[in-house]
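Two complexes follow with subunit A in common, the first pairing it with subunit B and the second with subunit C.
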Partner chain A sequence: MLSTDLRNNVLVVRVAEKRIDAGKAPAFKDEMARCIDAGQSQIVLDLSSVEFMDSSGLGALVSCLKRLGPRGSLAVAGAGGAVGRLFALTRMDRVFALHPDVETAVERLSV
Partner chain B sequence: MKIRHTLLILTAILGIALLVAVSVQIREEILGYEATERMVASNAVREQLLLGTDALANERSLTFVLLIEDDVENGRLETLGEARRRVDGFLQAAENELAAARSALSNTDESLASLSRARRDIVALRDQVDEYLKPDQPRPRGEFAPRWFRQSSMVIEELQSSRLTLLQRERPLQPTLRAEANLRTFGGILSESIARNQALLARALRNPDAASSLDLEAIGRNAGRAGLAWELIEGQRASPLTEPVRAAIAASHEDYDSTLAPLQQSLLTALLSRVRPGLDSGQWYEVAGRSLQYVASMQKELLRSSREQLQAELRRAQRSVLQWSGLLLLGVGAVAGSILVVRRRIVQPLESLSQAMLKLADDDLTIPLPRVNRADEIGEMNDALRVFKANAIQRERAQNEKQVLHARLRDAYRQLQKDLEAAAVIQGAMLPPPARIGDVQFQGLYRPSSHIAGDTYNILRRTDGGIGFFQVDVAGHGAAAALVSVACHHALSQAILTRNQGTRLDEIAAQINDDWPDDLPYFTMILGEIDPRSRRARLVQAGHPSPLVIRSDGTVEPIGEGGLPVGIIRAATYETLDFAFEPGDRILIYSDGLIEAENPQGEQFSEARLRKLVGDHASADAPALLGMLDDVLRNWRSSETLDDDLSVLALERLPERIEADAVH
Partner chain C sequence: MVSSISLAIDSDLDKVSLIARAVRALCQDLMEAEDLDAVELSLVEAINNVIKHGYQGKSGKDVQVAVGLQSDRVVIDVIDHAPPMAPQVLEQNSDSLFAFDEADLSSIPEGGMGLALIRMNMDEVEYLSSDTENRLRMVKRIASPTS
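Our next item is the complex of A and B:
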């Protein structure tokens, strides 16, 4: 479900799914938890492939943020369409740093 | 054909072949035994006949001499009586042997008839002799002597021919026996020649001057026959003969060559040349008698030898029959044993195994398996069958357990279903039915994705106359979301009812957010109120889709652009939106289940489609709008089911001309 890639000490996690809904959210949450528990604190979540995310997916995302805690940061890249609208509707743009693409996000985080 | 039949038939065929071979051999041996028995019987008859013939020849000589004597001494008559008894004894014995061998030999009746005829003839001849021998007999005895000699010789010949007939019928094949039979025949010729000359020469010597030339001629002929007989006897010397037989032949021949033959020749020469012979009648008679005894002892030796050989042969044949019979019994035993072993060790175990297999295949696990304690293939098959049975029992047990488990699951599921249905009834009862509060009419559309939903809504009249409403969508769906939605329902209803004058809606939302336990799922909501005194309404949007306000003129406006859901971020702040809500305006509050409902192609219904639909039906009142929405959504889904909970709450401020009603 997830593929990871370390760039400039920033872990880029790419979600290779079109949907993060109630069915996928638990697995997504577990895999993210493993990445976080492995010690990564600077994470960029690439959602460019995700076309739909429901409240469960959003809940999973927020729980990842909580797990990461204040020592790290979780940036979201490539959230567009329905996912972008969800982020806007729920004001998650205030909670997550949103970037148009992975490069920008990595650049920002590695500063 | 079953293995049982194949094996048993094969064993039986092998057994029968063996038994037939042995039986054929036994038959051969029995035939051989019977042939030997016949030979023995024939030999015994012939022995008595031979002895009888010799004795009769002796009687002939004695009687002949008596008939030509002038006076008869009593002692010689006694000797004659003795000789007659011997003849009778031997012939009686021959007759007895013949009668006893009747079953073994063929044509015994013919031989018996010939024998009794001979005996009758002898008796008749003897009667005549006795007549002539009577002291007061007027006729000269000498007259009868030639007749006696001729006729008794005929009887002797008949007896000999009877003996030869018997020999012809049972001709021995064994070389020694055959040689001995030949020797006896030749010995018989020799003995007869000597006996005849004994009598004839005795008469000639009695009165040498009166010796007839016919008699002398006969004597010469007999001497020739005796010589010929000796040649024939010597011809058999190459045959395998026993030592005693050879010795007896040699002794007899020695006597004949050294004593009898030269003497006989000189006497005959003297008689022919009318010279006085050097020997008288009595002396000659004795010399010839001695020679005859030599010949007789040779014959006895031959008879004894043949008898012994035949007895030995008979014993051998008997032993052989017994041996083969024993072998036959052994064969029968072996065949029976083989069949028994094949049955017990192969056929029966195979049959019980095959029955057990069929039963097992038929799922009959109660069938007891045969008890076999063997290391061979049958033992292995049985072990394998035991494993199959154990596996089958285990499988059956597992199957039963699975069924029990399945039944338990079904029960549990039914119970859960019942619980859920009851919960659904309760949850449904918490939702307000369509009604009017003051100048506000409202109606809800509520469709859970399963029995119970994470969506809920309520509309309440506050004590100050204001109308509070909310719609909640708890993240996720199902039982957990439903329970949380009940908690939200309660918390928000309480918050609306107990709201202090002046507390803003965003403050209520922030308060609930702050109080929300971390481990509960978050929720989105619209919390709103309609001011009874002004034509305005307010609401807080907490992550919920923006409600649509449908103005009385048909324009559709979304209210708000978003907001943080409740329970996600601590110390979140919210914004109270204030907007005009004039008579004839309607507000449509909906959960994301409405716009995110997907058609079979995976396309979402979307906010844009909703807004256009509502715009197209802007004149419809709240119930009609909700009914239309429900229909459109079912068509969109092409199904009665939903992936996410769906709720829509429609509120309408009634136009002023309608009297405000204070119901509720």
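Our next item is the complex of A and C:
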């Protein structure tokens, strides 16, 4: 479900699914938890392939943020359409730094 | 134009996307992308709630979805045979849910957002419970009726 790539000490996690819904959220959360527990604290989540996310998917992202704690950063890249709108509707756009693409997100996190 | 169709899935979270995609396709010619997103999200949240809370995550139970396509609105009923939702759940104020303090990690919700999202995305939401079934009716008005 996830593929990872380290750039400038920032872990870029790409979600290779079109949907993060209640069926997929538990596996997503587990895979993210493994990345966080491995010691990564600066993470960019690339959602550019994700076309649909429900509140279970969003809840899983919040859970990752809490696991990361105040020492880390979890930025989101490429959240468009329905996914971007979900962040705005739930006011989670104040919680997660949203960036148009991975390059911008990595640049912001690595300064 | 009035037409209707009924769809059904087993109470399995992995099957919800089948109905979501089917209903989105049914509404495709009637709405703009933003409204299609609103309908799809509301439907998914409603079915997730039935499976997670109504049927307590058990598979093998039935979830039915009836879609009515009218010239000025789409009416979607999610029907289940689980114990009904408590009235106080329906009356919860959804504004307070998203009025969290983003600087306080513990105050950010991880769940319980489904009904609030349905209310925000649909024009009318009604819950009808009888001895035989529960029915969550969600209505989305069509911005520019075609006929």
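Note that in this section the second predicted complex is superposed on the first by the 111 of 111 C-alpha atoms of A that agree within 3 Å, B and C clash if a C-alpha of one lies under 4 Å from a C-alpha of the other, contacts with A are read in each partner's own complex, and residues count from 1 in each chain.
What we mean here is this: a contact is a pair of C-beta atoms (placed from the backbone, for glycine too) under 8 Å apart; a residue touches a chain by one contact, two chains touch by 3 or more.
Bear in mind that the values here come from a model prediction, so they are computed numbers and not experimental data.
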Notebook entry, point to check: Clash or fit: how do subunit B and subunit C relate after the overlay on subunit A?
Noted result: clash
Margin query: For A:Glu107 in the superposed arrangement: first (subunit B), second (subunit C), both or neither?
Written below: neither
Item checked: subunit B versus subunit C as contact partner of A:Glu31, first or second or both or neither -> neither
Notebook entry, point to check: Given the superposition on chain A, which partner contacts more residues in subunit A: subunit B or subunit C?
Noted result: C
Margin query: One more residue to check, A:Asp54. First (subunit B), second (subunit C), both or neither?
Written below: both
Next item on the list: Report for A:Pro70: first if it touches subunit B alone, second if subunit C alone, otherwise both or neither.
Entry: second
Next item on the list: Check the residue A:Gly81 against both partner chains and state whether it touches subunit B (first), subunit C (second), both, or neither.
Entry: second
Notebook entry, point to check: Thinking of the overlay built on chain A, is A:Thr90 touched by subunit B (first), by subunit C (second), by both, or by neither?
Noted result: both
Margin query: After superposing on chain A, which of these stretches of subunit B ends up overlapping subunit C: 117-125, 423-431, 495-503 or 549-557?
Written below: 423-431
Item checked: subunit A residues contacted in one complex by subunit B, in the other by subunit C -> 22, 52, 54-56, 58-59, 62, 82, 89-91, 94-95
Margin query: For a test of understanding, state which residues of subunit C touch subunit A in their complex under the given definition.
Written below: 12-17, 20, 33-34, 37, 40-41, 44-45, 48, 51-52, 98-100, 102, 105-106, 108-111, 113-114, 117, 120-121
Note to self: With touch defined as at the start, can you tell me which subunit A residues reach subunit B in the complex?
What the structure shows: 22, 52, 54-56, 58-59, 62, 82, 88-91, 94-95
Next item on the list: State the interface residues of subunit A toward subunit C in the complex, per the touch definition above.
Entry: 19, 21-23, 52, 54-56, 58-60, 62-63, 65-66, 69-70, 81-82, 85-86, 89-92, 94-95
Next item on the list: Going by the contact rule at the top, pick out the subunit B residues touching subunit A in the complex.
Entry: 473, 475-477, 521-522, 524, 543-546, 561-565, 568-569, 592, 596, 604, 644
